[in-house]
Amino acid sequence: MSGLTHFDDSGASRMVDVSGKPETARSATASGLVRMLPETRAMILDRRAAKGDVFEVARLAGILAAKRTGELVPLCHPLGLDAVEVRFEPVGDDAIRVEATARLFGRTGVEMEAMTAVSVAALTIYDMCKAVDRAMVIDRIVLESKSGGRSGTYRREAP
Amino acid sequence: MSGLTHFDDSGASRMVDVSGKPETARSATASGLVRMLPETRAMILDRRAAKGDVFEVARLAGILAAKRTGELVPLCHPLGLDAVEVRFEPVGDDAIRVEATARLFGRTGVEMEAMTAVSVAALTIYDMCKAVDRAMVIDRIVLESKSGGRSGTYRREAP
Amino acid sequence: MSGLTHFDDSGASRMVDVSGKPETARSATASGLVRMLPETRAMILDRRAAKGDVFEVARLAGILAAKRTGELVPLCHPLGLDAVEVRFEPVGDDAIRVEATARLFGRTGVEMEAMTAVSVAALTIYDMCKAVDRAMVIDRIVLESKSGGRSGTYRREAP
Amino acid sequence: MSGLTHFDDSGASRMVDVSGKPETARSATASGLVRMLPETRAMILDRRAAKGDVFEVARLAGILAAKRTGELVPLCHPLGLDAVEVRFEPVGDDAIRVEATARLFGRTGVEMEAMTAVSVAALTIYDMCKAVDRAMVIDRIVLESKSGGRSGTYRREAP
Amino acid sequence: MSGLTHFDDSGASRMVDVSGKPETARSATASGLVRMLPETRAMILDRRAAKGDVFEVARLAGILAAKRTGELVPLCHPLGLDAVEVRFEPVGDDAIRVEATARLFGRTGVEMEAMTAVSVAALTIYDMCKAVDRAMVIDRIVLESKSGGRSGTYRREAP
Amino acid sequence: MSGLTHFDDSGASRMVDVSGKPETARSATASGLVRMLPETRAMILDRRAAKGDVFEVARLAGILAAKRTGELVPLCHPLGLDAVEVRFEPVGDDAIRVEATARLFGRTGVEMEAMTAVSVAALTIYDMCKAVDRAMVIDRIVLESKSGGRSGTYRREAP
């Protein structure tokens, strides 16, 4: 039961003390899928070429959310962020892959910032397309990799 | 291409005008899964019985996030909310199901509020357990049902 | 154990459902004291007459905080507010009384908005004077009265 | 001195009480200019046709800011909003005109929401182009028109 | 009148310049009491053992508020935070003591973060119990101790 | 087209990576005008001498907004701030000049923080006086100067 460091010995939640940790270069990348009808996806990709870009709205939502991760996830440390990027890519014939990378030179990792950017970008795609496809699924949000800090580098194994 | 009402004719994004809509009773329920190692899940369920409840932290994160949906999802209307509930339930031997319901007597639906509550509750579970299980997956976030408004009642079909 | 309506039968916290309640005129007044050295209080009162008004900074902090009560107090409903006022008054020779009133025509009471305005106004007085009087005490924050809603009018009894 | 209703008789700032006002359909439109080098403007307009749309980023910033007007402008009422739109248009050979419209069926006007949307959209254009043109000027932010409420319709006279 | 550094010579409020200060290890602990009927307190303590933990909700509210201190207290510096803890303890037969500690390696103290965590945790207890005991009192919020920075260590004297 | 660093090669918006930049002392000053009827300005200046200070409300709004620049301007880095000051000065017989200075020892410039402080202070003046002078104009918001960082010192040329 040792692993859940967000609780103290009495079971009280807490923001873990990182004041003794050195500052190091941190990076994290997360990804997720938004599954939808092929027609819905075609509509998004078509518009992108023409006018009215769903991805750009979702991207900004993801970037803004990454900056507010510490307000959303209760025991996350409030952080500055040195960089955030959100990318989109069609996958198969009915999905869009969302990927986000966050970077910081600091005392704590930025995994949650990357995960939050992916989640809110995916929610925004859902919001913009829900009138035509209410059954969309936000799927497989995972941490792809992270580097920096005491626990070093992590890379998700291929499924 | 008519469906994406969040864009006007020139392709500019916008918050759709709902000022002419009547106020009706709105409700929406969303759900999602957090998949993890059986040991991780056992740790969460054990703690719940003992001390240090991951679910309670995640629940509050979800409720608070639902209230801020309009700040996170750019083209969502800012809303009051009359009720939010977030529930957790073990599924199979390695997953936790998150379900959220939002309610409002108002001019717009609360689907995004329910979806946001599920997403942020799931992110919070990830955050609290990531030190022991970095490979957790946030999966299958969907709208289960909604009622109220011009488009009436929707219920997701069994998969 | 029936009274704590912020928990459901399983002990899960929730935002109570008010969607069935009628909208009525709501009002609430709260108060508190900030106790300090007589010299500190003289400094505040002197400045007010001259230049640099601690009360005006604290007042705005209280008003702004009242508007964000639903973000701070997890199970509070997010509300509009129709009016907020924050007042200050010297009491005895070493205290300042803070009083706030909030008003709303709506489905839920505004007690927490008034209590939050008083608390944050008091914290702001503390912040501005702490360099000269670190031992100040924020004291006796109470609900003075409220009206509207099913439970009707409440007026605190004289102590 | 009667006009400044944001102060009470003692000079204390306050959020004016609107609880007795009826709800009516409110609308407000504001505009402003961002003046820049012709080359800078060409760069923005070229990109729009190609890839990387400054206007879309600025538009979302304006819409999101309109929703948070009550957090930014201390004595504004916190409001829902039924619609927000932000438009851009080249003017002369070195300026971009920003125009925003906000709508609400409610107790208070939405002039500040429209003014805030214009201001933050203009700030975002400045931010995105400042590396190439630090001398840009945000100019002539005005209320173009408003309707609804006791004071009725206002339309700015041609300059 | 020299002490109120939050005003400049003309009486204008300001955020004091700390850019020349060295970064040092900062810590601050604050405390407060929530006084209530013995029956109310018994209800909270009973539930804790059973299901539905008021303290856990209040604790998270306090931690989240500490992270947003710079948004609430106007002249506070916006800070990261390296650690926040909130503790509860029954006192006598009708009070709960709230204590919070904040830590940061940085240029400014974290007294306000600890004071804010205590205040918002206390407000949350009030919110959750007000339906059964409207006369509760939030009492004696004080700075217990702080360390780090030019002014060094402070410890409140026993009353 | 190289200059718009907020877009990557594919035209996607991003928060530029500053993790490799050294921390240096940063400062930025921005200014703007609020033009109004001479009677409106007299009313503001009179009140200042008497009671109810528009400038103090606007000043706090500007300082608070500077702290939240990263939430408002989508591609801005979230920053701490070491100092913020907002000043007001009558100009001619019908304008008020707003000037703000922000300071930070950090990896990115604080131009946007100064520009945002000026904009929101000006919006607040507009809000407080709009009932008596709806035609006020927020004018000529510019960056006056900045120092620190790779691009060094900038000083706006006299117009």
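Brief remarks follow.
The first chain written gets the first letter, and so on, giving A, B, C, D, E and F; residue counts start at 1 in each chain.
Quick note on the criterion: contacts are C-beta pairs under 8 Å (C-beta built on N, C-alpha and C of every residue); 3 or more make two chains touch, one makes a residue touch a chain.
Predicted, not measured: the structure shown is a model, and the values here were computed from it.
Note on connectivity: the fewest chain-to-chain touch steps from chain A to chain F number 1.
Within the contact network of the assembly, the step distance from chain C to chain F comes to 1. Where the sister copies chain C and chain E meet, the same residue numbers recur on both sides for over half of the interface positions. Ranking every chain by how far its Cα centroid lies from the centroid of chain E, the top place goes to D.
Mean C-alpha position of chain D lies 16 Å from that of chain F. Inter-chain spacing, taken between the CA centroids of chain A and chain E, is 31 Å. In chain A, the positions touching at least two other chains are 12-13, 53, 56-57, 60-61, 64, 68, 74-75, 79-80.
Chains touching one another, given as pairs, are A-B, A-D, A-E, A-F, B-C, B-D, B-E, C-D, C-E, C-F, D-F, E-F. Residues 53, 56-57, 60-61, 64 of chain E touch chain B in their complex. Within the complex, the chain D residues that touch chain B are 25, 55-56, 59-60, 63-64, 67-68, 79-87, 103-105. Residues 8, 12-19, 70-71, 74-75, 77-80, 106-107 of chain A are the ones that touch chain E when the two sit in their complex. Every residue of chain D that touches chain F in the complex is listed here, in rising order: 1, 3-7, 10-13, 32, 43, 46-47, 50-54, 57, 60-61, 64-65, 68, 72-76, 111-112, 115-116, 119-120, 122-124, 126-132, 134-143, 146, 154, 156-157.
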